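This report refers to the structure that appears directly beneath it.
Letters A, B, C and D mark the chains as written, and numbering starts fresh at 1 in each.
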Amino acid sequence: MTSPSAALTGVVPPLLTPLTADGEIDLPSLERLVGRLLENEVDGIFALGSSGEVAFWDDARREAVLEAVTGTVAGQVPVLAGVIDMQTDRVLQHMRAAERFDLAGYVATAPFYAIAGPEEIDTHFRTLAAATDRPLWAYDIPVCVHVKLSTAHMLRLGTDGVITGVKDSSGDDVGFRRLALANRTAGSPLTLLTGHEVVVDGAYLAGADGSVPGLGNVDPAGYVRMHRAAQSGDWEQLRAEQDRLAQLFEIVFQPTDKVGPAAGVGAFKTALRELGIISTNTMARPMSPIEGETVDRIRAILGQTGLLDGGTATGEVAGA
Amino acid sequence: MTSPSAALTGVVPPLLTPLTADGEIDLPSLERLVGRLLENEVDGIFALGSSGEVAFWDDARREAVLEAVTGTVAGQVPVLAGVIDMQTDRVLQHMRAAERFDLAGYVATAPFYAIAGPEEIDTHFRTLAAATDRPLWAYDIPVCVHVKLSTAHMLRLGTDGVITGVKDSSGDDVGFRRLALANRTAGSPLTLLTGHEVVVDGAYLAGADGSVPGLGNVDPAGYVRMHRAAQSGDWEQLRAEQDRLAQLFEIVFQPTDKVGPAAGVGAFKTALRELGIISTNTMARPMSPIEGETVDRIRAILGQTGLLDGGTATGEVAGA
Amino acid sequence: MTSPSAALTGVVPPLLTPLTADGEIDLPSLERLVGRLLENEVDGIFALGSSGEVAFWDDARREAVLEAVTGTVAGQVPVLAGVIDMQTDRVLQHMRAAERFDLAGYVATAPFYAIAGPEEIDTHFRTLAAATDRPLWAYDIPVCVHVKLSTAHMLRLGTDGVITGVKDSSGDDVGFRRLALANRTAGSPLTLLTGHEVVVDGAYLAGADGSVPGLGNVDPAGYVRMHRAAQSGDWEQLRAEQDRLAQLFEIVFQPTDKVGPAAGVGAFKTALRELGIISTNTMARPMSPIEGETVDRIRAILGQTGLLDGGTATGEVAGA
Amino acid sequence: MTSPSAALTGVVPPLLTPLTADGEIDLPSLERLVGRLLENEVDGIFALGSSGEVAFWDDARREAVLEAVTGTVAGQVPVLAGVIDMQTDRVLQHMRAAERFDLAGYVATAPFYAIAGPEEIDTHFRTLAAATDRPLWAYDIPVCVHVKLSTAHMLRLGTDGVITGVKDSSGDDVGFRRLALANRTAGSPLTLLTGHEVVVDGAYLAGADGSVPGLGNVDPAGYVRMHRAAQSGDWEQLRAEQDRLAQLFEIVFQPTDKVGPAAGVGAFKTALRELGIISTNTMARPMSPIEGETVDRIRAILGQTGLLDGGTATGEVAGA
């Protein structure tokens, strides 16, 4: 069993939730997906994040996902669990339901739907932290939550031992630099992970401790190579790898008739199906899967970036 | 028992959820609050709306609220229930949990947190409608959901029998006028209720069938008088009443250190406590109640608008 | 010559700027357009507003427009001039250039492009007012300026004699009601005009003193009838007229390939060309005119709303 | 005289406009400011950008700035001129007025105030380019213009020879990476400069050709060192320098009572006054200068980052 207190850095992909054509959790696909991540030596796995379609699951499904993921990972790497919901009490409920699983921490956003101010956000995170012995991560994702977590506030929560780190999906690289700088000055109470797949190299320069890339489901090897390059200071390799991954990320812009996770997560699932890792690209209700010509364009990009060769999946080889 | 198929028009306050100092549902306060609404002849009650702090409750609390409200109302007027959650499956879960209560319909928003496009929004509402025999209302509240429901889409859902009406809290009076006009041209498949407390008179001119005013918890008599004035075409009385209620609505701008429901719902609860209707102004976690000088300013406005006289609550008299 | 100090209420259309096919000011068309407004007894004319395409003109063109408009109006009604530009000094320059014309006041927005805070907005309006003896109007149009003027601030500027009124195109009907209410309580230092063509009836209920409707270029008679109905308290006629004008306003939603003034002002110009009032629907550079099937749809709406009959313009008759 | 056709890369500070206490251009201060930039070997100078307070100047002042800047620079480095205004015709007017100066190109934004769609933006840039032989740069600054230039559109304008480069102040690092990648694939028709002072290192990794840093007025040496480090692949030095400059950038967050350029440009001017480079920190009307305790905090940061030592300006030394 992993130690909950160990700092979690490096590559921590937000795990997709493979589904059968009927919309049930596809356990064999999940096992292949997790297995490939572990073979490529990711540093952890983040279950029930936005890429895991957490917003779409009822409570039973959330538990089933955690059961499947922790069972499959079986302690080989730390698993973080998203406990994402509108307000404090529901998040607490998700935390209680997750206590029985082997988890290295929880990831929570600021409250949403009902507008929250600084006072409510502060009380929210402090209440969550007080309810568990496990590390708590703040998830800064304004595109979903519609509030940007403040640098000064995150740092104070870190200094006070409320949160252990921040998963930054804010798209605010200036804010991330400021947070990284202030964090270092304060003795680095926070671990900082970036969620932006195509600018991880810049985030490393800014001071990121790792990444939580949705695209890491599709190409874990690339993100692991980037992390190692960052650690060894090989910035030329880092940027070259990032450029290739940025090209790969173009898959999410192919579905011109879809937005949000139907486009982004949908593209990841479609790519993984084409790579032979998961069985379907079925999405959670009310989303529909990517079909037709868009699949061809995704396949073409997989080819251009070395993951698929002449119709044969070569991702594992390319990533080796 | 009320007929679920009857069109629900008029004044349908979104019921507050009175709490004890410990944060439990305060049943005696709820009974006084509901009793006063019924005495003032509201046309229906909307439980578990934004003003009912629905976003803050876990599932058990949601059920407890519905149990308390339907028990107290006891079929005297139709009760709508908010089934507000992030995506389709959770909303369905709330609907199933609510089936055992005496309800006249469900109120659902578009999906949120994960971005939804027109296709997902359409599938969402159609899936919800297919799961119940009860009428379904669309709740248009971009300030919480961060998407504006389209006029053409709402109308199509109405024509197709998917939704029975729209509760409009969009703040888009131009869009509301366009929806009302298009609805009338289409034979009025939709019932249109406005949620904007201070411009209900203009909404009546535009074609609203009624209102869902949070402030109606504080002054139900005023909103009922407005509705009757609209029905009898007495626009001068309507505007005079609306002006008084707009003045009363200034209570929500008094808490300068709070935003969202902590300010708005907090002001309603504080006013009702000062009027002697509910026992505390306790708010759902992580919100804190309004205190200090702000309470004095709220009392002053209650006095200026005829609801409170020299420290004695006279709301019922003023509203008689 | 009109008295600059007289309060300007009623219907004050923001005059379009008719162009020849070459993009020059089309004086004969302007004279027909103005003549029709005067025949229909508008209360004033607002030149160089957003509908007048002010943002697109260089300084020489702005002066040419004012020369043409004031020459054509010839003192029959008050003329307001928009002095819209990014920051204080340029607005002052426009005011100086306009001093030689027979104008009843200036209309200015908050500063834009460079972000302005409350202090800068306050200094801006006070500096403008100090530079002229003519009345100054604040133009609240967040869709262009990207800041909402605050109710309390406008009222203070009114009480201090800095501005004489507000042209509200904010789309915030709640804010407008609050401003109208606060203004009345303060002794009505401000004249309040609404710019939202399809909810003028509600604005009258809220306390508007008149309207500045772009659509008033197309159907001035309708807006004048609405104003008279408001003055006489005939709300049923008011709402019926507003419903018809709201139907007419659908012309601006017909150009599905255009946004902003290319759609809205473009639709007004196209309607007026079809009505035989102006010669072309040419737009200021870089906009292109509405063409093809969209014109047919606009004609159809003109027919449905009684302005055009079987291909013959009957607007003047309908408006008589 | 510089060749207009030479590609302009490297460090191109957007020059501040020093003012006397009376608000006139302070020529001696301008000469010291420019002289220090040239001593520190910047690659070009961008006059009349947002940092140059271009939005605040009337036409005479714009010309006076260009006269002063080109006279002072005297052909030692290329000078770009901002021709920023609301719509095409005014921008053309600024271009004509600037033709007599020794300039290496023009920098223009998308149209603003009146909403522009893709068609208008395209016509706008093509019309501007057709009116001059000088290179045209697109300035992507949504915080002022409220539209984000599309990657695909910029690339097409580059391929068509309409624009020579993009100054990116969009704050969208993902979009910048995508643009850089697509640009390289297309044979690099565009030169890409970033305007975000604290993430220039990441922009270099992404493929930036240089920077246009407002903070470069205060510490040109730091940005020049960063550019050289990027060229030589010394990423560790690059990040260290960027971290120091990010710390220095904290000066713009010190004025807690100001927003926009009153805070940002105000902080730059205040720093330069404290460093003895310019004589006052006077801002363009309607902005007021930074005063009091905020100045002390800015001085402290100048000290912490090695630009000021015990009250003595040491910026030149630090930058040597």
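FYI, a residue touches a chain if its C-beta (ideal position, glycine included) is under 8 Å from a C-beta of that chain, and two chains touch if they have at least 3 such contacts.
In this text, all values refer to a predicted model and were calculated from it rather than measured experimentally.
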item	value
Option in A-B, A-D or B-C whose residue-number contact pairs overlap C-D by over half	A-B
For chain B placed onto chain D, the superposition rotation in degrees, Cα atoms, nearest 5	180
Furthest chain, CA centroid comparison against chain A	C
Whole-Å separation of chain centres (CA-atom averages), chain A against chain C	50
Geometric centre distance via CA averages, chain B-chain A, whole Å	37
Chain contact topology (line, ring, star, complete or other)	ring
Contact pairs between chains, per stated definition	A-B, A-D, B-C, C-D
Residue numbers on chain A that touch chain D, as the complex places them	171-174, 177-178, 181, 196, 198-199, 201-203, 205-207, 233, 235-236, 238-239, 242-243, 246-247, 250
Footprint of chain D on chain C - complex, ascending	50, 53, 55-59, 61, 84-90, 92-93, 111-117, 119-121, 123-124, 127, 143-146, 257-262, 284-288
